[in-house]
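Take a look at the structures listed below.
In what follows, chain A forms one complex with chain B and a second complex with chain C.
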Partner chain A sequence: MTSSSIRRATPASYAIVFVLALVALGPILVMLTTSLKLKTQIFGEGASFFFMPTLQNYDAVLSDGQNVRYLTNSLIVACVSTILTLGFGCTAAYAIVRFRFLGRDVASTATLLMRMVPPAVLTVPVFTIWTYQYGLNNTLTGVILVYTGLNLPFVIWILQSFLVQVPRQLEEAARMDGANPYQIFFMVVLPLIKPGLAAAAIFTFRIAWNEFILGLVLTNRFTRTMPVKVSLFINEHNIEWGQIMAVGALIAIPPLVFTFMASRQIITGMTAGAVKG
Partner chain B sequence: MQLSDGFEGKLMPAGATAGAAVPTPLRGTAKYLPLRKALNRAAPYVFIAPAAIITTLALAYPMLQSVWLSFRDWSLGTPLGQSRFVGLANYEWLLHDPNFWASAAVTLTFAFAVVVVEVLLGVMLAILLDRELRFVSLFRTIFILPMMVAPIVVGLVWRYMYNEQFGTFAHLLKALGFAPVPWLSSPKLALISVIIADVWQWTPFIFILSLAALQSLPASALEAARIDGATHWQMVWHIKVPLMMPVIAVAALLRLIDAFKVLEVIYILTEGGPGLSTEIMSLHIYKTAFVSQQLGQAAALSNMLLLIVLALTVIFAALTAVRQRREKLAAARR
Partner chain C sequence: MPSIQIKGLQKRFGALSVIDGLDLDMADKEFTVLVGPSGCGKSTTLRMVAGLEDASGGEIWIGNREVSRLDPKDRDIAMVFQDYALYPHMDVARNMSFALRLARYPKAEIDARVTRVAELLSISHLLSRKPRELSGGQRQRVAMGRALVKDASVFLFDEPLSNLDAKLRSQMRAELALMRKRVEKNMIYVTHDQIEAMTLGDRIVVMHGGKIQQQGSPSDLYRRPANLFVAGFIGSPPMNVLRGELSEAGGRLCVRGSGFDLALPDQRGAALAGRRDRAVIVGLRPSSIRSGATQDGASSLSVNIRLAEYVGAHSVLIADCGGEAVTIEVNSESPFASEGAAQFWVEPESIHLFDPVTEAAI
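Here is the complex of A and B:
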């Protein structure tokens, strides 16, 4: 694109961008400030932007052993399923992109179809099968299994668009040097798609960390994840808004941190499927 | 391609004939041990097997089970063995259940409303902001933040902000001298409030995709239009928007499919109420299964939702195929 075809920014465009940024950040800031307020400040008259921040809500949330357990559960589920999904997903994506084999078309169509399945559709059969056949109800393993399944099509979809861009000549050259397909994949191809893996990892972690409905159906009071706990919090009569917002912030922070660390990869991952087609 | 081909043959040819171009001496099989050769030949299957097994266990089999369950009468709490086969009774019940139609209407209204609003807003903003902005990457990072927040947390925050006594909007309206608005407690407003929260979270998705599309448009077309003396808005309307259309269509369809998945935000904001005014199908499935405890009926409902999403997915796939063919044609013409 020639630079002359992009128009210069005017003060007005900066104003628009600034307002948009405020709108995007607003609710997140509301959550953070509320989590730092005392009950009396939350219910007080008028929106007060000037207040003495307190960590009392976080203290109350984190000194409750249950909450710590649920946060730990969330962390285990999200990390393990992210690792499994990436490991299985990258090899599958490579097979679909680079090989011709029996069932390749089925695999590629199934990936697209399964990416679209709403989690709510899975609640009834997954609850049934996990309870009556796999014996995995109320276990973290059960949650990890369903999250890995749910995320795999998504990861395969993202990684395909990165794998297509790997120059085939590199693989050919490695093969000439006597490398077998496994060596080619792990030593030549995998290092080249690191940005794709980063994007896929963030997407997977985010979905597993944030997921709620399947977690609600599959866990009990020992194996609950944090999003499930929050939903039970909110339907109590005396809602402790300060504490709820503190929990909300605790759930929101890991994905937000990832976003700041790797926004380039996230945007590439997001645009990969749609813009390049 | 046949299975008996060696690994060399199975690597997809780069060009149409590259497969045949592999130098024959390398095909010499003598240096391969039989086992190794078999392993190499099985490579694609080894690569795909773990993912295939997991998705079969965790996705494909449950979806088949869902079909089977939808033909049975089974309530939560009784053993699965006591359920009985009822044929199409669950589906028949669904079609005669006003609650099902109400929730279908809510789902369609919600899905199309969010997609239309998000696409219009997102594309407009992208066109407006397709300029040489400073700090572009910082702003882009800020815009993707809402998408990264857990839907359940989005629900919490918006429920707080919508609170009629001490919520953010209540304070704002009061400061400006307006009467309080029953955001979530009025059946008429609740759906709109829910839509606003979704628009907040997902407009950036369309915006970022559209901006990426705008900035990767072929310079030649824009240059030609400029030489022909097109004004800025003529270029936007007659060249940029049509060229962006494929990306907009794909992004809109992805959003539409995702809109049918929405559950958490609404679960937290309104739990489907007041009445059934925000009870989208995902939530209706959950309630039928785990509140009314009718698992067979819930399975039937699930399959209906799945059918809708499947239809949209087929459209999506067709759209992508058409696009790829067109791009190939364009590449061949060049």
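Here is the complex of A and C:
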């Protein structure tokens, strides 16, 4: 970037940044403050920026054994489907990038086309097939499988773009060094596409963690995931805003931690020094 | 240590035949250089020996084993790649020991070997660095170290110096020449640079269009090129090529063309008897052209000098002889005109003649 393209910040640019920050952070702020209020304060009149914070909502949420179970379900579903997606995704992407086989280009395009189907469209067919053909309804396995299938196309696609950057000569050097195809893949190729794996992992984990419709349809009161549970705070009698917000704040933590952990792997220039550029 | 034999090696990509029936014998501990312009099939040949490319036909023997169907790792071969191909996520020591670790050598042995090779290549101080922290020359050295650590019986080099700048290249070339004296192994070296080929090789194999044009020692190729291609490829500056005609005047055999009339040695008379008064191609090394005129005036080359390039000990004259460009190498100490018409002569023994149709040496 040339120096002339970097312009000095003006008051107007600060204003724009401020508005954008407000739009992005405002809802989170509201969620956090609301989660720290009592019901009377939430529905109370007047300015509500000044109040005595209380952890009562969090206490209510966490002392409910069901919520702990659903949180565990969510973690299992998100983690397992992320691992499965990355595992299948990187091997499939590697095959598409490196091997020549009949229908390779079709496979590459078809995977991306699959991604264009909205999950909501899948709800009824998946429910029917899972229930009547495989008996996977109301199991975590069923949810994990459908999330894996849903995320796989995008992960394959994103990893392809990382894999084509791995110099073929490196793999040939490894072959000369006596590595078999699996050793080449795991010891040479995978470490080099770590940034891609991290990006794909963040993406997959968050989709699996936040997904609602399929989770609602495919689970029961034992296998529910957290986003589904949140919706149940709204019933015919009342809406537990405080608890909804407390759960919202709590379930934002795992993806946040995961994202920070994974994004440390995203450093560019992994292949620097491998071959003459 | 084994010799390498290549018998009837073929490589086709679909309908395109890149190498068609290549035969090559390499003696034990020999340093063979495959040289040729890009696309001549030299790298493909090397990759087939390495096992990175499947041969479409033919056999490759290393020692008394036919290896053309074996995996690269079963061929007892180490290879240095053009672009280094170092594993960027491993430090130098781990790069070098990768093959040994895969083969599950004991750790003490791995350490000993890495240390020994690192000392040999004077890269001991770099062992804990990552490839991206190394300069081009250091990376190349590590790449060689990685090959040496394996202690394979055959070494393959695929244009290992072509990424280095000119100064470093000549330095690494000298180091390679020294290294090959210490490491007595079979080596096959691919390059497009004829200077590398001449300085490093015991035997040079000149390839063009997927075929071997000539093979032999560097001086064989320089002094007795088998055809016009080899003549033009080996030697720097390249050989001058002029069109002329064989004739006999006063009992002496000579070759004439526009601007030159050069005497040929008498002993060639018998071999050239059938070609009298017919067209030939004359090849003159820039270094075999002498300034001035012979006493008897039997040999003369009249040129019009356009440019003199001062190189140092010698100068290169770019001149024009009967409409064709001629380069002449002269000693910078001796006086010469830097422009205008001048007279030269050529030692009869150093005149090369080629058939204008087949381009083979006469």
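As a convention for this text, the second predicted complex is superposed on the first by the 252 of 277 C-alpha atoms of A that agree within 3 Å, B and C clash if a C-alpha of one lies under 4 Å from a C-alpha of the other, contacts with A are read in each partner's own complex, and residues count from 1 in each chain.
As a working rule, contacts are C-beta pairs under 8 Å (C-beta built on N, C-alpha and C of every residue); 3 or more make two chains touch, one makes a residue touch a chain.
Predicted, not measured: the structure shown is a model, and the values here were computed from it.
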Margin query: Of the two partners chain B and chain C, which one touches more residues belonging to chain A?
Written below: B
Item checked: chain B versus chain C as contact partner of A:15, first or second or both or neither -> neither
Notebook entry, point to check: Which holds for A:192: it touches chain B only (first), chain C only (second), both, or neither?
Noted result: second
Next item on the list: In the overlay, answer first, second, both or neither for which of chain B and chain C A:176 touches.
Entry: both
Note to self: Let me test your reading of the model: by the given contact rule, A:68 touches which partner, first (chain B), second (chain C), both or neither?
What the structure shows: neither
Next item on the list: Determine where on chain A the residues touched by chain B overlap those touched by chain C, and list them.
Entry: 172, 175-176, 270-271, 273-275
Next item on the list: State the interface residues of chain A toward chain C in the complex, per the touch definition above.
Entry: 167, 169-170, 172-179, 183, 188, 191-192, 269-276
Checklist line | Sites on chain B touched by chain A in the complex | finding: 1, 3, 7-8, 10-12, 14, 26, 36, 39-40, 43-48, 50-52, 54-55, 57-63, 65-66, 69, 80, 125, 128-134, 137, 139-146, 148-154, 156-161, 165-166, 168, 171-172, 174-175, 200, 204-205, 208-209, 212-213, 215-217, 219, 222-223, 226, 232, 246-247, 250-251, 254, 257, 260-261, 263-264, 267-268, 271, 281-283, 285-286, 289-290, 295, 298-299, 302-303, 305-306, 309-310, 312-313, 316-317, 320, 323-324, 327
Item checked: List of chain C residues in touch with chain A within their complex -> 50-52, 71-73, 77-79, 81-89, 98-99, 102-103, 130-134, 136, 139, 146, 150, 163
Margin query: Help me check something: in the complex, which residues belonging to chain A touch chain B?
Written below: 1-3, 5-10, 13-14, 16-17, 20-21, 23-25, 27-28, 30-31, 34, 42-44, 46-47, 84, 87-89, 91-92, 94-96, 98-104, 107, 109-110, 112-114, 116-129, 132, 134, 145-146, 148-150, 152-153, 156, 168, 171-172, 175-176, 180-182, 185, 206, 209-210, 212-213, 217, 227, 230-231, 234-235, 241, 244-245, 248, 251-252, 255-256, 258-260, 263-264, 266-267, 270-271, 273-275, 277
